[in-house]
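We call the chains A, B and C, going by the order they appear; numbering starts again at 1 in every chain.
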Amino acid sequence: MIDLLSYGAFFLTMALTYAVICLGLNLQWGQTGLFNVGVAGFVAVGAYVSSILTTPAIDGRLGGFDLPIVIGWLGGGLGAGFLCFLLGALTLRLRSDYLAIATFGAAVVIQLALLNLEGITGGPFGIGFIPRPFGTLAEQPGLFAAANLAVLIVLVLVCYLALQHLTRSPWGRVLRALREDEEAAKALGKDPVTYRLQAFAIGGFVMGLGGAAQAHFIGFIAPDNYLPTLTFQVWTMLIVGGSGNMRGAILGAILVWAIWALSGSLVASVFPPDQQARAASLQIVLIGVALCLVLLLRPYGILGEAGTLRAPLRRALRRTPNSLSEGQKTNV
Amino acid sequence: MTPDILRLKTLHAGYQPDLPIINGIDLTVRQGEFVVLLGPNGAGKSTLVKAIAGLVPIHSGLVFLKEENITHLPAHMKLHSGMTFVPQTENIFTQMSIRENLQISAQILPKQLRAERIEAMFAMFPDLAKRPSTRAGALSGGQRQMLAVARALITDPKLLILDEPSAGLSPMLVDEVFARISMINQTGITILLVEQNVRVGLNVASRGVILVEGKVAHDAPSDELKGDPVVAELYLGGGSEETAQ
Amino acid sequence: MTLQPLMDGLVNGSIIGLGAIGVTLTYSILRFANFAHGELLSWGAYLALTVSAALGALLPGLGTPIGPFSFGWSVPIAMIASMFLTGLVALTVDWLLFGRLRNAGSAQIILVMSSFGAALALRNLLEFIYTSSPAYFTTALQISRPVLPGLRATPDQLLVLVLAVVMVVAVHLLLTRSAAGRSMRAVSENPALASLAGIDTRAVIRMVWMLGAALAAVGGIMSGVVVQIRPTMGLDLLLPLFAASILGGIGSVPGAMLAGLMVGLAEAFTVQIIGAEWRAAVSFVILVAMLLLRPQGIFGKAAA
């Protein structure tokens, strides 16, 4: 009984770390319409910065500053947020898909850096002995699991309330106005790039925070945790929950993580060991197909239709079906 | 009585299904006519010609070109039926040469006719023939309009539809462009012209159709409209610029 | 410091360039960055591998190496077949996914996102069918021969260079001299006007997919001949492809090829000077530098 409960708490805690990451992505995509293909990279930055700040000193690697966990988490968030700011500043004045390309590239380079900068990241073996919140309770597994879950519940709540406050503030209203009618908002003297950049950086901060919390919950991190599959997972969570809908983002994270964990253990128990890698790739094929199906059939998400993306979608629908989008000149 | 070339039957059209801009238009244009579409801003003049050309969705109603139902024909097929449309802006390929602009539309002609038709256009617009390999983007405003019209005429259409060819041109160039269009009309090609300036439009065309809120408000020979006190009051009252507002 | 990275860079750059031409063409005509384009290189390589294996089994004589090269006639025949088959793969994805989104008037970024999902499905489908272990067209080893002092190359590598030049010249002539190329340029500049001028834009889109996919297949097969075939080869090439198409100026075919060569050379010299582990970062550095200094690309126009 205790085992089942503590597994439930473990599962839910893990799912809630994804919920935090998903909330960050929701601010970028659902609220602002910015396509981030490098989620795994920003989550990794959050996790590594926080780990370096909080682990005890160790020979042969930078850091081990032994700082309090809260400082680590904030540092992780700031690191990821700053990186998002730089990439946004580089691309947001250009074509909308340059941001996608740049974030994709950033994730590739971050993965390389994790592997190769052994003096900072520990290389392929990563970083271990990351302090866990309430580590003194580790002797009593039930209580320890409950305390961890409580920490994550509080973190999700704080992020949720803060983001809700933000989106309902005058700043959030400008963001919405930019989405619904960019020209009108521009006429009022609002520079769309500034607002989008701020939203992208804040979203990155939340994502980094989620990555940091996850690292401290698992206790050790390695580059393999931050492969592109992670990006796909988070995207699926957001799309399933309904982009633009914050409660949907949290629910989507829990739902997709449950499906992922269940199908993973199903694969492990049904397929012989030598076929498991193939079965896992089929699992990812299905995720890719599902993502496309949602875009084709339910562009507002499966669960929620909070509809913050409806306006741009409808504006896009207003165009002539036969003609392609206009407005950019190219030279062949 | 000359035969009909274009016939619209209770046409409803607009960019969005729930937001029609054209609200049931019936209109017949006869062969060889020169008809001008007039009306205040937002009356749907431009939307109407774009709907006929296949660029704006038609919700209900029918469009006939001669006896052929072209209501839902894709835009590129309408050229084959003998109808051609010159948009108001972005009506030439600026990255391509003058000759290439003409070659694009000549592609639908039989092979042996292509070179001959291109030469015919150069004869009609000698300005364009001077340097046919010039990039079209380097042309002046007036020359661009000439190239757009030449591109449209190369397939020898029965019906030429023009959306405000005078927009953005100096008064002297406007006169020249309209003189050209009249000349084209005299060769037997039917013209449907959208024009913002009511006085100028009625002077150049033989018949005027005034649209208001997506419906036909007046439809009469130009001379009759010019003499109509209601039209004069509403559309010809003050100067020629503000009246159309 | 030897000249050897020059050869490696040119060979790899040719492969990147062929892929980047496809990216730049679909980008300029369909107006979105296609994250699934890398997968067309992988699919091209695997489809050719399958055809060539089947040919080799049916007619063992086709497996005998041609002249100085490592492969027999089965590979060039399989390449022609694969160019066509990869085109069909691209057309199928367009029919199932991109075309439907276009008709629904979806925003550009929705298309980018769907290409991301398509890439995931296509790549893992390959991994499912062929597993993740590397495959080879032939097991024959080739000895590299000196070409210039300090510069050695295998006959296969030299063939890749020649083939890349032939393909680029052919595509360039197609685009600038033929009616089909004129139609593509017209749709690229102004799709609405192109349809008014009598061009069937859907036919042009199909043509662009066939062309882009065929070039991707050739690139993938070249990579398979000189290196190896893996399901992730397209994913690894994706960032270099994007970097090259932006560096070359979106829409410019000669630009994409030249930029591809530059990316390939930069990678090769990075491997030589800094180390192989940083190779994948080169494209990102080039990309960031371009977006900072000249976002329209070196061959693009300032107003683009």
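What we mean here is this: a contact is a pair of C-beta atoms (placed from the backbone, for glycine too) under 8 Å apart; a residue touches a chain by one contact, two chains touch by 3 or more.
As the structure is a computational prediction, the values presented were derived from the model and not from experiment.
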{"item": "Farthest chain relative to chain B (centres taken as mean CA coordinates)", "value": "A"}
{"item": "More contacts between chains, B-C or A-C", "value": "A-C"}
{"item": "Length of the line joining the C-alpha centres of chain A and chain B, rounded to whole Å", "value": "53"}
{"item": "CA centroid of chain A to CA centroid of chain C, Å", "value": "31"}
{"item": "Distance from chain C to chain B - Cα centre to Cα centre, in angstrom", "value": "44"}
{"item": "Multi-chain contact residues (two or more partners), chain B", "value": "54-55, 74-75, 90, 94-95"}
{"item": "Sites on chain C at which at least two other chains make contact", "value": "185, 189-190, 192, 195, 201"}
{"item": "Shared-contact residues (touching 2 or more other chains) in chain A", "value": "317-323, 326, 329, 331-332"}
{"item": "Touching residues (chain side chain C, partner chain A) in the complex", "value": "25, 27-28, 30-33, 35, 97, 100-110, 112-114, 116-122, 124-125, 127-128, 131-132, 175, 181, 184-185, 187-192, 195, 201, 235, 238-239, 242-243, 246, 249-253, 277-278, 280-281, 283-284, 287-288, 291-292, 295, 300-301, 303-304"}
{"item": "Touching residues on chain C, where the partner in the complex is chain B", "value": "179, 182-183, 185-186, 189-190, 192-201"}
{"item": "Complex contacts: residues of chain A adjacent to chain C", "value": "33, 35, 37, 90-91, 94, 96-98, 100-102, 104-106, 108-109, 112, 115-116, 228, 232, 235, 277-278, 281-282, 284-285, 287-292, 295-296, 299, 312-313, 316-326, 328-332"}
{"item": "Residue numbers on chain B that touch chain C, as the complex places them", "value": "53-55, 74-76, 79-80, 84-85, 87, 90-96, 100, 103-105, 107-108, 151, 155"}
